[in-house]
Each structure stands twice: as C-alpha cells, then as structure tokens.
Amino acid sequence: MNRVAAVLSRVGRLLPAYAVLYIGFLYLPILLLPLFSFNDSKVLGFPLTGFTTKWYAGLAEQTALFSALKNSLFVAVVSAVVATSLGTLISRAISKHRYPLRRTSQTIVMAPLVMPEIIIAISLLIVFLGIGLGTTLFTVILAHSLLTIPFCVSIMTSAFGQFDDALEEAAVDLGETSWGALRRVTLPVVAPGIISCLLISFTVSFDEFILAFFLSGNSPTLPVYIWSQVRFPAKLPNVIALGSLLILVSILFLLAAERFRRRSERFTTQAE
Amino acid sequence: MDHKIAVNIANVSKSFGSFQAVRDVNLQLRQGEFFSLLGPSGCGKSTLLRMIAGFEDPSEGAIAIDGLPMEGTDANHRPTNMVFQSYAIFPHLNVEENIIFGLARSGLSRAEKREKASDMLSKVGLEGLGRRGAHELSGGQRQRVALARALVLEPKVLLLDEPMSALDKKLREQMQMELRALQRSVGITFLMVTHDQHEAMTISDRCGVMFEGRLAQVATPHELYQKPNTKQVADFIGGMNFFDGSIKANGGEKLDVELPWFGQVSVDAHGVSDGVGLPVTIGLRPERVHVGSRRPDGADVAVPARVIDRAFYGETIHYYLELEGRADPLIASVTNFERADHFEVGDPVWSGFRGGAAVALPRK
Amino acid sequence: MTLDKNARLGLLLATPTTLYVLLLIAAPVGMTIAYSFWTQDFVDVTRDFTWTNYREVFSDPLYRTLIFRSVRIAAMVTLLTVLLAYPVAYHIAFNVRKNKAMWLFLVTIPFWTSYLLRVFSWKLILAQNGVVNSTLLWLGVIDTPIDALLYNSEAVIVTLAHAWAPFAILPIFVSLEKIDRSFLEAAKDLGEGPVRSFLRVTLPLSIPGIIGASMIIFIPTVGDYVTPALVGGSDGAMVANMIQVQFGKANNWPLGAALALSAVVCVTAAACCLVLGLKLIERSLK
C-alpha cells in the first residue's frame, strides 16, 4: 500500500499540470481553426507556410454563403425571441404563482433538454411533412425555439426566484397600477436575465446543425451550408475561415450573456 | 379627551379559505399617534396591516381612513404608504429616483420633485446621498430611503411592517429612537407591526396586542405592563410570575385572594368581578418580588425560598427561587447595586411582595 | 374547481409554453411510434400495424451491429470522458482557492461554439495529412503518415470524449464540492493517509456526480450523428447515420423510426445497468 500511496501522491502533485494540459486540450480544436485560416496553404497541416488573409477575403464572393448566413440570422433572431418570450412567461408562473400541475408543467418544458436530438429531428420531420408544413425556415424556427426554451426557463426562473415580491407591491403602494409596476420595476430588474436568454438562444440556434439539417429543406442555415462544403477539399480553407469567424462570434456572445446574467444576479439578490 | 380618529377599523375579519387570520377586530387609531400592533408570528397583525394598506380586502367589516370608507379603493389610491419588511428598495434606481418614484403622476416638475426628495433626505438623515446606487446602501440607510420614499407622498397614515427585523441589535436601538423623533417631527399617524414587545413598548404611544387573530388589549405601554387584561397578554409583555388562588372577598377596587405559599393578600382587582370562592390568577412582575436574607419589612406576605439558579444580565440579576412544592421557580429581578445582597445558588432566602404590586387577571 | 386570482393568472401564463412544448414533443413522438409499426414502399406508406420493421432491426446483423456498436462507443466515451475529467474536477474542487467559477467558465467556453466546427476540427487533427501526422512527420517520429487515426470507432471515441468534457467536469465538480470538508479532516485526524481518505471518503461521496455525468454523456451519445459522419467512416458509423439514410436516400421512414426507437430502448436498458453497476461500486467502497 505504501508504494501505491507514494506513486499516487507523486501523481497528485502533477495534478495542476494535468489540469492545465487538459484545458489546453479542450481549446485545441477551436484554436486550430483560426490558426489554419491564416495559413497560406490548401493543406491543413504543419508546418505552416505563410500568413495570408485571402481565405477571409474569398468569403465575400460566396453568394450561397451569404444566403445561408441570412437564413441563420433570421432563424436565430426569431427563435430567440420566441423562446425568450415563452420561457419568460412560464418562468414567471412557476416562480410566483401556485397553480395546479405546476411541477408537471415545469418538467414538460424542460423535456427537450433530455431528448436525443435525432429523435426530435425525425419526429418533427414526420409531423411537419404530415400536416403539410414542409421543410422551411419556419419549421427550423419551431424546432430551435423548442430546443432553447429550457435554457430560457432555467435562466428566468432563477431571475424571478431571486426577485423580491415586495418590489411590485411597493410600486403599487406608491401609486402605480399593476401594469405600471411591471413596466417600471419588474421588467427593468429582470432585463439582464432576458437579455442573457436572448443571447444564449441566439447562439444555440445559430450554431445548431442536426435539426436544421433535417428541417431546413431548400433554405440551408450556415451550419448546413458548411456541411455541404466539407466534401470539397478546394473549398476547405474558406470553410475554415468562416468557421473561425463563427467561433469568435459565439464566444463573444457567450461572454456578453454571462455578463448580463451576473448583472441580473447582482440586481436581484441584494434586495434581501 | 377628544381625539381625531385617523383609522377606524370596525368589526374586521379576514379568512383565507378555512383559515381565519383576523377575527372581529375593532380598533381606532388616533391622529398623530405612534401605534404598534404587537403579537407572536401568525397572530394576524401583518394581515390587518395589509388590509389597511389595501393589499387584502376584509372578509367582513369596514375600514375607514380619515372618515372616508376604504371599501373599493385599491392600494395605489389609498392615503397610506408602507415601509416593507425588506424595505423593497428598487435596485435599478438610485436613492433619489427611489424617493421620487411615487411622484411620477403628481404633475410636479423635475426640479420640484428633486427639491422634495432632497428635503426628505435631510429629514431622514441622508443628505447628499441622492446619487447613491441602491446596492451601495447599508441596512440602516435602506430603511431611511424606504421611509423617505413613503413620506414624500404625504400619506395620512404611515404603515411599517416589522421595520427593524432586518437590522442588528445596536442599529435597531438607534433606529427606534430616530423613528420616534421622525414621527414627532412629521406629525402623521404611524402604525407599526412588530413581534418585539420591547421595541413596541419603547416607541409607541399605544399598543394593541393580538393573539390568533383577535385583539386582546389596547393600552399605553405602561398600562399594558402594569395591568395586562389576560394571562396571555401578561406573559407576552415581559416575564411574569403566575399564581392560582381563590377569591376571599371582592371589594370592587381591591380583591382579597387566598394564595398558596403566601397566604391571604389584597391585590388590585383590575376589573375582575367574580364572587367569593371562585378561582383567580394573580400576576406578579419579577422586579416586584423581594429577595432578602431576612423577612422583608415592606412586604405584605413573605415565604422562605431557596435560590436554585441565577442569571446575570449586567444591570439586573435574575434569581430563580424554589418554593417548596411549587413546580415553576419564582423569578425575581434585582437591580445590580454594589451594596445589595448577592446570593449564590443554594442559598436560603426570604421572598415576598406587596399586595399592591400584584394584579388579578381575568380568567379567560 | 375554484381557483384564486393567483392560480388563475399562473395557469394563463404557463399554458402557452407548456402547450407549445407538449405539442412539439408528444404529437411528433407519437407519430414516430406509429410510423415504426407501418411500412413504406417508395412513396406510399401503408398504415397497417406490423412488427416487420422491428423484426428487421433485431434480425439483420447490419442493424444489430450498428446499435450495439453505438452502445459500445457511448460506453467507451463515457468511461474515457469521466476518467479524464475526474482529476480536473478534483483539482478545481480541492486545490483551487479563489476563482473556482472562473475555472469552470473557462472549461465551458469552447462548448458554446458550433459542435459541427469542433468535430470538423478533429477531422483535420486526425487526418492523414492532418495536424497529428504532419507534426509527427516533421519531428521525425514516423516515416509515413498513420492511416488508422481517422475513419474508425476510435476516432469517434476520442472526438466525443472531447466534446462531452464539460458535461463530465461540472456534475463531478458539484458532488466533490458538496463533500463536507470536515469528513476529510476527521479522516486525517484518525491517521488516514491522503490515498485512503480519497478511496474511502471522497470517491464514494462523489459517485452521485459520476452517475450524473455518465447519464448526461451516455444517453445522448448513442444517438449522435455528426461525429460518426465526419470522422467515423464505415467502421465507426453509428445508428443515427443509418436512421438518417432511412429518412433520406433509402426512403424507408418506418424502418428509420423503428431503428430510432429500438436504439432508445437499448440505451435505456444499458443506462439502467450502468447506474446499477455504479451503485454497486459505491456500496462496496463504503
């Protein structure tokens, strides 16, 4: 046992180094893409040949890409608004109201999180085609909203949960109507949470592939477009450049969402 | 003495489903007084407060403020304003914006509102802090902002829901005095709800004690302490020793009572009208119990006892005295004089009291 | 049933969202189950109840292999991810004093980027002329590029182990963080060495976190499409790829539905075994 203990304790000392290496491993793929996007070579491997921005410049000429980008933006914005609205409504109900089947409704709206995406994809495909909706951006919006509602519910139940009930009563006591209290007190205080929902839903929708793949039909979103380009080695560097941009945007949105989520917490918890 | 009535609560009851929170309460608050509603948690005092504010409607009865019936008037239109237990300071607004929040529909210009706010800030001792953010305020400061915010609207009655419960002890004592001074300077009726009887007694003109939805007694703090209406009230306001005895004679003002251990003693009848032979409970405050090494001179009755425990409170010492055969110890509170006798646990002592110091309590 | 104002408003607020989710899940899944019992001939779907599809799924070795391979890969991914992630979660829980939240946030950042792009990046890393090979060639460690890095189960396993990392770190971290430090101090007081106190206190108490992480990773992985499609080749193909084919070129939706549902049943069964196994380990360590 002593030999084992000695070995394990030496291993224990390596722990910080391991943790750092592991985290580096986690970032490896997303750092590699930007790296190669500036490399002057059609071959994606070491050694690097030279710095260039031509792959980025080349993106401007791809009309199909812009069309896909527009589709992605449209879908992401609309599904973010839908998911945030629906998520906020039910979060308010769950946090502040006692109604029958409250726990059940909460479980139901969190369900999309635990379902395998392939099942959601084929099921929606079957139903949408069955009722004649076809496969359009509209169907993708329905699917993406479904997917991101649980995120919004999670964020907003937390925001409302920490929201002091007395704040709304105080506003009414001071002369406001119920709507006035909502507008002047509640919404501003939970606004950071709402913004966080919008940003996260947007990001998830913008990057989402499987549901869009099954449901977007003739109007591909950006990830579906990228998928279609993967077969062509000649186009790879352009795809990498595009991918790098997307990674950057996603991370920026995430950082912004986190900032708003923290601000939301600061607003509501200190009302205690 | 003619008092103008600020709030008239007539036969008010409130039920939530099958639970009766408030039962048939009758109460009149006088213009300009500081009134406290006192009672243990769940006694209905907060519900009563909320009905006056307009957040709940009475199931029965009526509330009138300044003579005007309040039925059908929503909370936002009533001439009352409330300081909430958590203070409910709007976190997204600064101090000044919080204070002028209720003035939004007043038609005042921005400059007029700011002037009122700054006036109020001086009154509550927060001059110059108008630009402070809500999250930068200490507990005591938040309370003051809540007060300023409510008072700037010049309500007829200011309602306070356990305003001190969020503060630590030292701050609480300081704020109690400040609150009292503020009320005197503003001159309007204050109605405070609290479960802390010490706090209520210290700053109120009158207190109303509630148990289980009913108003048990309304009186000045002095009266409540000296002449509690019932055993429940007596026990709630400070500590009290209780003895069960039987009436030997009822002289209207005075009652002759036969007590175990002490024998016959004449006490304040305090409205007890029962006749000879009926049982009665006598209440005796700890500080009226004499403790000494010899039989006390000034006492009407005295018995030997033994010290079984003692508690040191700085200004006073509490002695727990065992009377032979009595289950509960007799509690005596003695001021901690240098020259007074100090007793140890186990010491034999004499204990007694003057009849006038004890009070009869009506049996409920 | 009479409801008070609060309850009525609550119902009003909650109904739209609940209905939305219910309709988009219940009806579609119901239809999928129905489809699995029908048959399709080119464009025509015959709605007569039949077990044909299920029989085909369980008797045809192609489909059986796919399902079992998917379960096997998912199990390997779970094992690998949890093993690699545990020390990191341990480090953050026990060694990091301030800024734990920052470490956890750092760990999750990569996973807010497109999954598709990350898998594609792995394809580049493992390709014949990709990063690993060209680096090894350049360093002179090998003479010819290694073929076997890509287009097989192993590539799928490695890629997925990367993709699921934060989903392992977070639950394990939470259960480690919850451990009452006074237990460990008590163990130290009683003379237990760090290894023994790990094995006898920390590890057993972190098993709920391990179970949580395993469920989060194992169940969705069985149904993954993108990774096997990009880096799995034919040896690493998983059931989702075949399901997609049935809904695409092969145009046999009922079979696809049956395949999907069979996979779900197998995964659930396997997951139960996994949880039971982990709980047995937990009991034996106590």
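Lettered A, B and C in written order, each chain numbered from 1.
In this text, a contact is a pair of C-beta atoms (placed from the backbone, for glycine too) under 8 Å apart; a residue touches a chain by one contact, two chains touch by 3 or more.
None of these values were measured; they are calculated from a predicted model.
Chains that touch both chain A and chain B: there are none.
Chain centres defined as mean CA positions place A nearest to the mean of all protein CA atoms. Ranking every chain by how far its Cα centroid lies from the centroid of chain B, the top place goes to C. Centroids of chain A and chain B (each the mean of its C-alpha atoms) stand 55 Å apart. Centroids built from CA atoms put chain C at 62 Å from chain B. Rounded to a whole number, the gap between the C-alpha centres of chain A and chain C is 18 angstrom. The touching residues of chain B, counted against chain A in their complex, run 53, 55, 74-77, 80-82, 84-86, 88-92, 101-102, 104-105, 134-135, 149-150, 153.
On the side of chain A, the complex with chain C involves touching residues 1, 4-5, 8-9, 12, 15-16, 18-19, 22-23, 25-30, 32-33, 36, 43-47, 86-87, 89-90, 92-94, 96-100, 102, 105, 108-109, 111-112, 114-120, 122-127, 130, 142-143, 145-146, 149, 153, 203, 207, 209-210, 214, 223, 226-227, 230, 239, 243, 246-247, 250-251, 253-254, 258. Contacts from chain C toward chain A in the complex involve residues 1, 3, 6-11, 13-14, 16-18, 20-22, 24-25, 27-29, 31-32, 35, 84-85, 87-88, 90-92, 95, 105-107, 109-110, 112-118, 120-122, 124-125, 127, 129-131, 133-135, 138, 162, 165-166, 193-196, 198, 219-220, 222-226, 230, 240, 243-244, 247, 253, 256-257, 260, 264.
On chain A, the positions that touch chain B within their shared complex are 164, 166-167, 169-177, 184-185, 188-189, 266-268, 270-272.
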